[in-house]
Structures are given as C-alpha cells and as structure tokens.
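Shared between the two complexes below is chain A, which pairs with chain B and chain C, respectively.
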Partner chain A sequence: MSTVSETTPRGRTARRVRIDGWRWGGRAFLVFMLLYTALPMIWMLLTSIKSGFAAMQFPPQWWPDQPTLDSYQKLLDPQNSVGQDFLRFFWNSLIVSTATTILSVIVAVPAAYAFSRFTFPGRNFLFFAVLLRNMFPAVIFLVPLFILMRAIGLVNTHGSLVLTYLTFGLPLAIWLLKGFYDNIPVQLEQAARIDGATRFQAFVLIVMPLSAPGIIATAIYSFIGAWNEYIYAYTFLSKNEQLTLPVGIQRFFSENTTDFPGLMAASFMMSVPVVVLFLLLQRYFVRALTEGAVKH
Partner chain B sequence: MAHVVLKDLVKTYGSFKAVNDVSLTINDGEFVALVGPSGCGKTTTLNLVAGLTSATSGDIFIGERVVNDLDPKDRDIAMVFQNYALYPQKSVYMNLAFPLQMRKLPKDEIDRKVREAARVLDMTQLLERKPRELSGGQQQRVALGRALVRDPAVFLMDEPLSNLDAKLRVQMRSEIKRFHQDLKATIIYVTHDQLEAVTMADRMAVMNGGYLQQYDSPAQVFAHPANMFVASFVGSPAMSLIPLEASTANGGEVLTSAEGWSLALSPRNAQKVARATTRKVVLGARHSTIKLHKSAIAGAIPAKAYTVEPTGDVTFVQAFLSGAIVNISVSPNITVVPDEQIWLEFDQERIHLFDSETQMALEAN
Partner chain C sequence: MTIVSGKVEARRTLQSARSDVLRKMWEHRADYAYVLPAIAVMLIVIAYPIYYTIELSFFNTPPGLQLRDKIFVGFNNYTAILTSGVFWQVTFNTLIWTVASTFFSFVLGFAAALALHRDFIGRGVLRAILIIPWVISAVAASYIWKWIYHSDFGIIGAVLVELGWASRPPNFIDSVSTVLPSLIVVNIWREFPFAMIMMTAGLQTVPEQLLRAAKVDGANAWQRFWHVTFPHLRNVSTVTILLLAVANFNSFIIPWIMTGGGPSNASHIWITHIYELAFGRQRWGVASAYSVLLFIILMTLGYFYVRALSGNERKDGSA
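Take a look at the complex of A and B:
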C-alpha cells in the first residue's frame, strides 16, 4: 500500500497533463453543441413573450422590454378564432400521434417477438424487408401514397396519416424491440410454461414486463415522429378543421400576416408534449438504445 | 412422484439427428443423470421430456400417461435451469409463488407452501429480495425452491450446478443429493460433468452423438464400460486406451505393439480376444490399475515417463505407449522424473479390451 500512495501523486499529474488538451477540446465542443441546440429555442421563447412590434425591431431586443403573455392567452382562448384553431390543431395532432403510437406498439411488440423467438420461412428476408422503407427518402413515397390514399378514400382523413406514420415508425420499433427480446433468456419463458403458464401467459406475465423499457422507447419514438411530421400532413389534408399542428401553425400564420410572437408561442407549446414525454421517459429510451451493447 | 419412460425417442433438426432412438426407463423415485459431452443430445432429451420441444417420433410416458402432445404446464413437472431462469422482476417470494398462482391455489395455501419451501431451503430472510440481489448459490437455491414448492411428478434439472464456483458446486451437489433422499423424488439430471453423475445418480445414462451409449449404475459403468467412448468419458483422469494387434502364440493370445513389445493375456482375456471378429484390439486401463516399476520385471512393459503431476495425495505420471497417452497414478513418495525409464505392469483382472472397429467392449461369453 505504501508504495502505491508514494507513486500515485506523480502518476496522476503526468496523466492529468495528457488528458487536459482533450478534455478542454471536449468541453468546447459540448458548449458549442449546447448553444447550437439551445439558442434557437431560447430565441423562440423570448420572441413568444414580446409584443408584435418588439419582435420586428432591428437591432433586436435581446431581452424583451415589456414581457407579455398575450400570445399565449390568445392561443389558448377558446373564445376567439385564433385560439379555436390552435386548440383544434393541437387536438388533431394529439389524436393522430396517440393513434399512431398505440397501433405501432400493438404491431411492433408481437412482430419483434416473432422475429426474435420463432424460425419461419422467409424470416431473414422479412426482417430486412422491414427496413426497406427506411432506405428511401420519405418524399419518394409522397405521390404514390397520395394516389393510394385517394383510391381507398382516405384523403382528408386522419387515418391516412396514421397509416403512413406507422410505416415510418414500425421498422425501427421492430428492430429496437427485437434487440430487447433477444436479450431476454428464452429459459424464462420455458420456466413459466413449466410452472403452469400458457405460451401467451408466459409472454404477457414474464416477457412483457421485462421489455417495458423497449416498449416505452418505441412509443416515444412513434409519438415524436407522428407529432412532428409535416410534409404528408400537408399533402393528405386540405380541410382546415383536420390540420395537425405543424401544418396548421404554418398555414395559419402565413394567412394572418406574420405574427411572430404568436408563431413562436405556438411553436413553443407544440414542443412541450414531446419535451415532457422525453424528459419523463428518457432513461428508458437510453436503456433501449443501448440494450444488447454489453453482456449483462 | 412417477416413473418416466422414453420409448424410441427421436428428434431431428432438418437432417441433423439430435436424439437417436433413445429408450430409457426411469423408476419412481430414481435419480438418473443424463451425461455426455456438449452436443450429445442430453439437453434435447430433457427438453423433450419437459415438452419444450416436440419429438419427431417415439413416445414419452410420465406415470401412465403418454405426454407427447401435452403442453409443459400439463405434464406435472418442475425444472431447474442452468441459468436458474428466475423471474428478474419478481421477488423471491413471488418467484416461489408463481407456479402455485398459475395453478390457481387459494392465497393462504400459496403463502403456507412458499414459507414452508423457504424454511426447508433456509432462505426465509431472503423472501423480499429480488433475484439480482442474491448470490449465485442463493439464486440456485431459489430455483430449486421454485421446483419443489409444487410437489411435481418429476424434477428435471439442466446443469443446475455449472454456473457455480467449484467450492459451492461440491456443497450444492450434496444438498441436491440429500434433497433427493429426503423427498424420494424422481429426478432427471443433465450434466456434462461425469463426476456429478457418478457421485449423485442412482443410474447414469451416458450419451454421445445423440445415441444412448450405456445406462447403468455408476459403479457398473465405471467397472464395465460398454464401449471406448464410455471408457474414456467416465473417470478422471481418463482411461488410457492403447491400440494393439492380437496374435496367437504358444496356444495363448498375445497383444503386440508396433513398438515391438507384447503382452501375454490371461485365459479369460484371451477368450475375449479369441471371440472378437477383428485382430485390432484396444487395451484400456485406468490409472489406478497400472503398476509402475523403476526396474525391469517379467511381464512389465518398458516406457519413458513424459510428464509428472504431483497432486498431493497421489502423483500422476504420463507416458506414451504405442502412440497413446497412458496415465498412471503412483504414491507421492515414489519419485519419477520426466524422461526416466519406467516399466508398466497391467492388472489382467482389471484391464478392458475393445474391438477397435466397432469400439465395443469385448465380452468373454
């Protein structure tokens, strides 16, 4: 022990000098990334509490002279037309995103389980075919999907969006969850079946609770994807009362000249559900993404 | 408790035969070990009994019932897995209660049985813990508890000790043996460790390549291995197997080595060789049945010591004979050095003779 304590200080200083350069570089990079991601949001928040006039000033007011919550009041007031529209868009987005999330979990969980546990003809082919959609940019499918939706009479319905978002979110959801199921020892299910459970009970009672982090991550991923999507919502929906938030906000504010504080307040409120959801569940999300990276 | 019968059991995966025509009868209350190297089909056989895989052909009886088409849950079995397969999200109490809950027992009866099992296995103070908060030995014990809480017809154990460290393994070995004696339970125990099989089982079924090689008591398997595989698999260090050529000289049978030496056989051994269809015979001898001499005596075969391994109470000497490694155990107060000239004397009563083509043991009559 005595030899260790004698040599440690010297060893430590030598090491510290070597790491410092990298560490400061790393810190600088982190600060840059923080500003890069946070500044637009801070600016969004600041603008949203300015008056319409203050928002247009140049040079800009870095800090609003007279902070006001007028824009928020206007947007959340069901009495005036702006508020009515905003709340309706918000509601539409919530419905579409929630439906997408629920359906994608309902489809992805058994699909991932099947890919993980069963061998069946075409298993590998199907598993990679699931990814096929993700190999092309989303816009490529815009026109074909629009024609398809028109043919089956889904244009101008939320159903068209839910179906489309499902095809976007499912591949990753299935891959993510399969990783989870691969990591749950098959002996757990076997033990449950011997202990008196049916195959389905073994899945529901033993495997499902263990894959909860994966299911939560899948749900967040689907929800965020659907919540933020713009181009398909813009193409498939034309009736004002059906618009989702991204399209709604854009269309709404270009019609009412450009009310920047209102636009920013709406954008801020739009990001609230996603941020809250993510903050609440982010530890599951991280766990899901790193699942299988190391052996437990 | 119940007896178990496997009849002409076959399991194929595509063209690969994992289990080949295995027939076994396990008596009520008997402890049978399925033993063999990895990939020999022992775990597949156990999974067939458990119902975790379905047989390609053949029948499985538990008690008087054919269970081929029954779900695992309906076979009245309990299983202990190599990785214990404890439900990680459940406490020890809930792990033990799960099989009872699945059978819809009343709550107070579940509680009584769980506490009884915990008392027997001396883990009452662990009931509220999660499996990850337990040591390997404790996890193993919970796995055992989950099996015995239900009082099943048959216990299946799949290498339950192989994840434990050496010391704990020896301790748990005697605990499981004791558990078998107390419960008079029918146990099918899979292991790759022949020592576990020999020490614990009433009878051991040695498997290799999907085939059942020999099924008998450990003493019988040790004393009369049916073929060269069993001879080399059971016992440690392994039985030495020396390839030789049989010939007739002076009215008796003699085994000759390509190295020039020969070994005259006793009348009984000569009879065995005479009945063989081949002249190529393999001589088998366990380390303890070979005598090592430091000077030439009549009937002893000259060899050179290759390595010397003292273990404390016995020293193992290895030598080459006819290209095969021969293990000899000697008393530690005999000093042998590598490359020293030694003479080996075989005990005619205790050597084994095998047909080198069929690999089967040669029989006298």
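Take a look at the complex of A and C:
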C-alpha cells in the first residue's frame, strides 16, 4: 500500500522533470539560434550608422557614440557620383528581376500544369530532366553560355541575364507549381468540361484562379533568385552603367576597401526589397516550397 | 521451334510496343504544347552548353577564347588535372565544406523546426527572423561576415579580447588553418533556414493520434521522436539533405567574395577553382575538363535525388 502511494508520485515527478528538460533545452537552443541569426544583421545596422572613423576603432564602439545617416544619404543622393551609381544598380536589378519573374511565370504555369495533369509519354523523363537542371552549378554553363551570348550579340545586355535566370528559376518554379496543381481536385475541371468548357478554358478559368497562391510564391521565388544572382551578372556584364546590385556593390567596394559603414548600408539596402517581399508573402512562399517535397 | 516462335513473338511485341508509344505520343500531341516553351528554353541554355563543355575539354583554346584556333589535345587536360597537387587539395576542401555545411545546416534546421513545433507567443516572429539569412543576397551576407571577421576591427575578435580569451584579435579568414571553418559558419548561417522550412512542413504531416497513442503507452519524449516522428520524416529528410548537399557542393559566392580561394588555396573549392581557371587564368580546356568531372559527380548525386523524389511519388500513388 505504502509502496504504491510512494512510487506513483515519484514516477510522475520524474516524467515531468524530463519533459521540462526537453522544453528548456529547446528554449535555450532557440535563444542561441536567434543570436546566431540576428547578431550579424544587428552589427550590420549598427556599423552602417557609424562614421567611417568610428567604425575603425579598437575596441569597437558597441553602440555608435554619434549615430549618423551619412552613408545612407550618400547612397541615395542622385547628385553624388556614389549615389548615382547605387541608384542605377538598384534600377538595373529591379528591371532584370521583374522581367525574369514575369517570363518565368508565363513559361512555368502551363508546364507545371501539364506535368501535374496529363499523362503523355516521356512525362516523367522530361520532369526529372527539368529538375536535374537544379543540380548543376552556374560555373559549368558559364563558358559555353558566354560564347552563345557573344554569338547572338547579347553580351553586355540585360537580355543575357534574363534568359539565363529564366532557366535556373524554371525547375524550381515548375516543381513548386506542380505541387499546387496536384492538390487542386481534378473534379473541378471535370465539372467544367461537362458544362462545355474546353480543356484550355478549364485550365484558365478554373485552375489558374485557384492556384494564385502558388503563382505568387513562384513569382517571389524567381524575383529573389534574380535579385541575388551574382556569377552570371559578374561574367556577362562589363559596362558600369549596366551592373546589377550584387556586382555593382562588389566592384565599388573593391575600390573603396575601407568604407565599411557605406558597405554595410549598401548591403542593408540591397536586402530590404527581398526581405520585405518575403515577410509580406512568406505564408505562400513557405507553403509552396514545401508542397513539392511533402504531400498532405 | 518454340525458341524461334518465341523470338518472333518478342519482336512482334517490341514492334507493337514501339508503335504504341508513337501512337500515344500522337494522341497526346496537344499536351506537349504546354511543356514546349519550358523545354525549348532548357535545351538552348542547358543541352547546348553541356555539349560545348565536353567538346572544349578535349582542346586547348587560346586565352581570348578564339574558337577557330583551338588545338585537339585528347585527354591531356584530364591527366593534367588528376596529376596536379592543387586538385587533391581543392577536392579535400570541397569534401569538408560540403559535408560539414550539409550536416550542421540540417541538424540545426531540424532542431529549430522541432523547437518551433509547439505553439507559443512570438513563434511566427521568431520563425520569420530565423529565415531572413536565407533570403538576403549571399553577396551581402559575405560582406557582413567579412566585416565581423575583420582582423583588426572585427567584432568577434574584439569580444574575444574583451573577455580575455585572446591577447589580440585572431585572423579568422587570413589564416590557412581557420579560413575554411570560418567560411563554413557563414554558409550554415545562410543554409540552415532552408532545412528548417522543409522540416517544419514535414512535421505537420506527422499524425497527432500516433504521438498521443505513444504517450499513452508510456513512451518518453525521445522515444516518441525516434519511433514515431522520425520515421515519418525519412523522405523529407532525404530530399532536404540531398538538396543541401548539392547547393553546398555548388557554392561559389561566399568563398569567392570573402577570400577568393585564399590564403594559398586553403578555401578554394571546386567551383571557385574552376571559375579561376577559366576566367582568371583563361585555361578554358582544363576548366572544361573540370566541369565534365563535376558533371559526372553531380549526375551520380542526381540519380539518388531522382530516386528519392520518385520514391515520394510512388508512395503517393499507393496512398
């Protein structure tokens, strides 16, 4: 009798302690990950509001003594030569990324739909061929693409970038969208067909609106990919006025190696559009990315 | 007699199978219109370059890439690679880089997904913050960390000195022994959110009832994870690890911007090395031969990738 009354509470406390251990371990781990993730970004922001002199001190000013927005003003001032360059790079990145995004949605939507719905011969082979593109690094394609672009006269144009970005964005776009189409009940289209719609009408009028979240996600993904791309832009473009942001910033700061506040401010502003875009639409983005790998 | 008729039979079925495929392709001709734009773009920008890379790898092409003056050299470019000491150093670096980056990104991302699985106030915000490094440009990330690692004014060095753990700030990325681990830390910073996203989605597919049943049966937290959660996540884990491995194997920007492969090749990995051979030293033949070798390695990885993915599909079909 006494043994029973003793063991039960002890067993219960033991279990409670163990579960708490896991939970506290998890919390401690999350704090660690938060610091690991956020501290570099915070340090970037703190550096960007220091003067060049204040940034180059040892020991460093943990918090800037005299916060200043000089670096940002310089980068955004169209009268200043630095600002002129930066704004032009920004504009170039915007044009290239937008064009890439629009084109990849136009090309990926029908392809993903076909891979999801139709059972034509070679479907699996073509699908995996498309996916395999993601396996290969840009460097493999650089030399031949450079020759190709030179042959068709696209070197030093934004067209060369849009065409290449299109292909490395496509496999993932198709994969993401296929996941979405797989989850849209085929009965909806069958009902539309019975009501007299053609296959194409059923696709445009029924499936397209339902897959809007997937299309949004695909568009964000293409945009971010194009915005951040570096190697092709670095290789295909040589004229200063055509550079996109990553290459432009790199070229600028290989000449001004000590302007760390300016570099941090530029890095911050380069990140703002994609981070804002991502935070606004992250629901779609994360869902789409996982839809392909995980079926519900 | 029987053998002959068997052969004839086989030929007949083969023929009918072939015409079957053609007939099916003809019946589905409208379907191809949907995938045609995608395939056409892929062919121009993928098939053609692959063919070209293979061709160039058997030639010596002059520095300005004047294709008319290229000279056939057979397998010389390949033997030159395999007998050079740099090749083995770079391969070793690539192995460490890929394995360490993939392992830690996956483990940290998976653990973060698990820790964020239980709902609490601020979970959404925390998750969003953890994903940001993956969204920002690798060029920006490289510069941020280059500044953090700076040998005179870097914050990590300063913290170490303040704490009295070092007498002067260490040279993280200017020293042969620490450069690779330092860069791997940056790479993990950028890659673990991807694993976190994938595993978060995977966790949502683990049936609650099974976990509850296991709890009723007296399984502790670890047993529930190991015997219920983890087996459910095997497919997602495989796909995630493969995608991470491929992405890490193919990384370029972080080592290129932060160190350019130095000091003395200590942070050169395959891709940066190929880039330098091609566009730095203009040794197009050797660079192309490297690319072909890389291609073969990646095709092998790709085989497993496709198998993991089609494993998913098959499961789906039966479910």
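Brief remarks follow.
Please note the rule applied: the second predicted complex is superposed on the first by the 269 of 296 C-alpha atoms of A that agree within 3 Å, B and C clash if a C-alpha of one lies under 4 Å from a C-alpha of the other, contacts with A are read in each partner's own complex, and residues count from 1 in each chain.
We take it that a residue touches a chain if its C-beta (ideal position, glycine included) is under 8 Å from a C-beta of that chain, and two chains touch if they have at least 3 such contacts.
This one's a predicted model, so the numbers in the text were calculated from it and none came from an experiment.
Upon superposition of the two complexes on chain A, no clash is found between chain B and chain C, which fit side by side. Of the two partner chains placed around the shared chain by superposition, chain C is the only one that A:Leu30 touches, whereas chain B remains out of contact. Within the superposed three-chain model, A:Ile194 lies in touch with chain B and out of touch with chain C [touch as defined at top].
Contacts of A:Leu280 after superposition: neither chain B nor chain C is touched.
Once chain A of one complex is fitted onto chain A of the other, the partner contacts of A:Leu210 are limited to chain B, with no touch recorded for chain C.
Ranking chain B and chain C by residues of chain A touched puts C first.
Using the contact criterion defined above for the overlaid structures, shared-chain residue A:Tyr113 touches chain C, although it does not reach chain B.
Closest approach of chain B to chain C, taken over C-alpha atoms in the A-based superposition, is 8 Å. The contact surfaces that chain B and chain C form on chain A in the two complexes overlap at residues 199.
Partner chain C is touched in their complex by these residues of chain A: 15, 18-19, 22-23, 26-27, 29-30, 33-34, 36-38, 40-41, 43-44, 47, 55-60, 106-108, 110-111, 113-115, 118-122, 124, 126, 128-148, 163-164, 166-167, 170, 174, 199, 224, 227-228, 230-231, 235, 245-246, 249-250, 253, 260, 263-264, 267-268, 270-271, 274-275, 278-279, 282, 286-287, 289-291, 293-296. Interface residues of chain C, counted against chain A in their complex, comprise 21, 24-25, 28, 30-35, 37-39, 41-42, 44-46, 48-53, 56, 65, 67, 108, 111-112, 114-116, 118, 126, 128-133, 135-140, 143-145, 147-148, 150, 152-153, 155, 158, 161-162, 169, 189, 197-198, 200-202, 204-205, 220-222, 235-236, 239-240, 243, 246, 249-250, 252-253, 257, 271, 274-275, 278-279, 284, 287-288, 291, 294-295, 298-299, 301-302, 305-306, 309-310, 312, 316.
Chain contact summary for the complex, chain B toward chain A: residues 50-52, 71-73, 75, 77-79, 81-83, 85, 87-89, 98-99, 102-103, 146, 150, 156. Those residues of chain A that touch chain B in the shared complex are 185, 187-188, 190-199, 201, 206, 209-210.
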